[in-house]
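Accompanying notes for the structure given below.
Order of writing sets the chain letters: A, B and C. Residues in each chain are counted from 1.
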């Protein structure tokens, strides 16, 4: 059975007619604003080479852990979905993988994936029937056909999507050659990087020692000495800033920070690089490094992002067979009040430092994060993240943070995605949900509509631009 | 003052006219579907003997901890409500107890108990005025009169309630004679059992040693040896499966699991049966037994249910005077991410194992349970449980789990009740709340109505039947 | 740009017309009821001397941590807002401070502060344009002018606000002379005190030893002996009761209680007063003192309030420069199930004891507090507190506690404020939010409207009066 696919203009707006009318008006103010995407995981190589994307499965399914984790939870093996394992690329036929996916669309009912996919199918590819077992092949063929055209190359889509700025995320040991190639290409798209030093900070990462070696090579420093290691960070941060970076990013298991004496820090570092760290020492080192990174941000102006609280690679067997990042990361309870105190004790009142905090533990919104951000000058709240980047998740974020932190201690939306085609869909969902929240406040006479209209634009455009310093003159990349 | 009692056809539906109209249509699809009750605590003896229920107080008040805990919280002594103590049965006159209850109805305003009671009063007994101090006696008389008639005997009500399958819960040391009597009676009602081995697993239970003795007698095994003990479980599980069981159930203080080496497990077992276990050892043994039970489920196909996180018998004085299960169980914070990992490391990816997880800690819905169930093939989420088996609780369950786990990693509704007469009321509330949730998604254009209609039927009927394997040919009970 | 300031009659009511109509009718029942303010932090000296309030900044901004914490979070230094530091009073010009505040009103969009302020501006001072940079000076002038008139003196406002009873909060070492002055003044306003012994219980408070000395002087007891210390509490509690107190209040970092043997308690006390307590011992002593206070409440009938879970003075630098209570208190995760058990084991079933529990950790509402209050006779739930004293916070409180604890295990509203002029605004918000919640239950046919109307009056007036024993004949203050 085929069914029509329609993106209703009022989607995500509250049903009550009066509130919906307000939401529509507010959304009218932001609908066509350019996209600011200050944090995400797209691949800069796409924009450097501008090669066509390969096919529907490799573009839309295989890299999207939201999709294949759901399929896997219902018994579909990863290898049938085109997911590479440690043994090598999947041997699945892309069309067969696509058919499996198409036949299982009911699993996504009520999930943001369904909304994002339908937006991509309708807006980017022009489909008018839903994806299902019957339409699977025609979808596969049409998508592949379009991907082979110039209009669907990465840069053309970037321009069509009205993206004003897009940040990718790289490790300190990345050469940034793709960003250099983009800058030298003459194409005007603003694709910047962000400094994510986890691989050279997390002693529990299986590639830690190898990452340190590349870090040494790229920075030219003796990274096995504490001072050389810190200097290497400074050098690479400067290189990232030259490649447009305005921020760093830190994805630790917890939000723990530390402020050790120089002697203690150096002794800890020696244990770490000797490969002898206990889990508690590895944790303490990560904690100390957040404070060191804050100190460097105070010098070089990079905005600091902290993304804590994911238990990575929870499924042992999947990790052993497929490796990292295979949809098996699970959020954990996360404390911020005690965890951030050492960093805040030292830098919490600095006018020139900005730290954006995220959470996967929604219980911290009203209890910890809004009170912290509603007091400390350096703290801002990142938007609803990952599993909570969804209509209900965003609504809870606003309902639970606004009354204590207000709107101006938040930073607008992050899509945080590697699913490039879904970026307009994701920003559109965020704008609709924020306008719906504001519309309710207006309808309940908790705010006037002129205030809500100003806020809608701030949340969609001004706040992310300001919070990530994208409103400042862009540094030129050295040739 | 007497007031009319009316069950409005639109009860629990959202007020907005458009959403309500959708909810009505969706509810129309499920309203008359048979009841699948795959987990509960009714007494199989009722259906075995089919004796009339005694009176209003003994049927509706004295066994219902939802009711008497509320009355007790406002200063009404348990003994006045017909609750037996360790010293023996209550000496309260059933009519006096009923009057106390009737006069305190305002305490239940806004609680699910009020909705369930009114449903029972209106639909089962035909009352048209509310219960209160004035109508107390006529209620008591009319109920007792009806209970004495054949139409109100247990089997007649079971048939009238349109129950397709009803599971009770028994300990391994239960003889299952009532289930045998039901099977031999020629009555067609499907009343099955479920295997709840807590009494022979929890060394902190005051009757642990006595339960072990009965376990030995019924299984014919030397349950004081580790191998004999495990074998006794296998034997009793098989007997339960013969009596229709399709599931086991585990009500531990936490969700902790363990996967000890055989030698370690055996040594721990010896400490346990010697009565020398520390609280930590008792906890570790319960944790290990969850993994042992999962291993047996992989062999015999019984679906495993985990109901963790209740601090049982919190009120010391009530426990000393009245014993267990007197409305003094309090939920506690419950971790799943680390707790379930040992079991998941071993069995998390098994195609032939199904583990249904419940929680009393709603903070785990979006943070832990939906991400776990949205990835691991063996995990499904049980419905909103106990204190959260309520309109707001069910709504939060859907709002907080759907976006990450979807609907198909959930298992429909469990009434989990010993209040037999309230079963239709409870399933009706669940159906109405689910239809209301779906109606909002439709009204906000997050799902098409045909999808919502299919989901409504799946949630009300297909999912519980499938999740509890009640869609498979029923094994015959050996004569 | 100046904009009109209008308090819409329907503010905070749900947008849907049918629900709003019900909310309006319910609110009509409670709108003009007298205010019962059983817990707060106004200054009794205001009512004792009845001197005019100084100026807009000193009355409305400088004492209100909700306001200046938000301004500080956006980089405005506290000293510019008129906040005194340890070095002395702020040198900021009150008009300049007011201008800073006026120009930053957009920060409060969506916060309860905005609603409270607008209520005060419109209802108390009669403004018809919003406060902003343009209207800052005229606001400042008009407010100061009015404050100088007799109609704006503390007692006149108290009467105009229709306050039936107002409780302040004092330390055991307060002489209560202001309350005595009020009683002797012939003015009829009921301004009572509450016994807050934290300063003589918390060994980690920097003024602990000095507070003990004053405690000894006022009580005439040897407070360095355990029996003398306990007797001093009894004496001061009696003095507070004479000054109208009906309650005690306890603001501990956690909800921990203890029930030590007399010998253990006395030994712990000796360590405490010797100034040698470890943090764990200080915590244990606070825990033990909650149980001691409960024992005394059982004797003298004072209702006990527990306000746990705030990490006080989290910002080290602000604490060092400005001292306590400067908007830098942050909620923490708070356990109640294990924490309260020692006290409940001893006193949980006492008919003559009443303990009102508050939380800053909303996760405890449905999981712990509602189940505890829905069972234990001594427990009642205080309203949504501090950061959660807001429309969304109050809604969550009702949604998450009602189904398990009902309404009658709650105690109505507390404004808990030192911002005297905002008291009517805060009670009005609470009444509107409760009526909106009840209206939804009526519209969804979960309650009849006559029940909701009775509840609205109970929540606004009867419950706080009863819970705080303000419905009993008032003791006369000894001359």
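What we mean here is this: contacts are C-beta pairs under 8 Å (C-beta built on N, C-alpha and C of every residue); 3 or more make two chains touch, one makes a residue touch a chain.
Chain-to-protein mapping (UniProt): A, B, C = Uronate isomerase.
Just so it is clear, the model here is predicted, and its values are computed rather than measured.
Engineer: More than half overlap in residue numbers between the two sides of the subunit A-subunit B interface, or less? Answer same or different.
Structural biologist: Here the answer is different, because the shared fraction of interface numbers falls below one half.
Engineer: Between subunit A and subunit C, two copies of one chain sequence, what rotation angle (nearest 5 degrees) aligns their Cα atoms?
Structural biologist: It works out to 120 degrees.
Engineer: Starting from the mean Cα coordinates of subunit A and subunit B, work out the distance between those two points in Å.
Structural biologist: Chain centroid spacing, subunit A to subunit B, equals 40 Å.
Engineer: Would you please write down the residue numbers of subunit C that are in contact with two or more other chains?
Structural biologist: 14, 16, 363
Engineer: Can you tell me which positions in subunit A touch subunit C when the two form their complex?
Structural biologist: Touch residues, subunit A against subunit C: 14, 16, 18-19, 335, 337-338, 341, 344-345, 348-349, 351, 363, 366-368, 370-377, 379, 399-400, 402-409, 440-441, 443-448, 450-451, 454-455.
Engineer: Using the touch definition from the top, list the residues of subunit C that touch subunit A in their complex.
Structural biologist: 3, 8, 10-16, 69-70, 72-75, 106-112, 114-115, 311, 314-318, 327-333, 360-363, 387-388, 390-393
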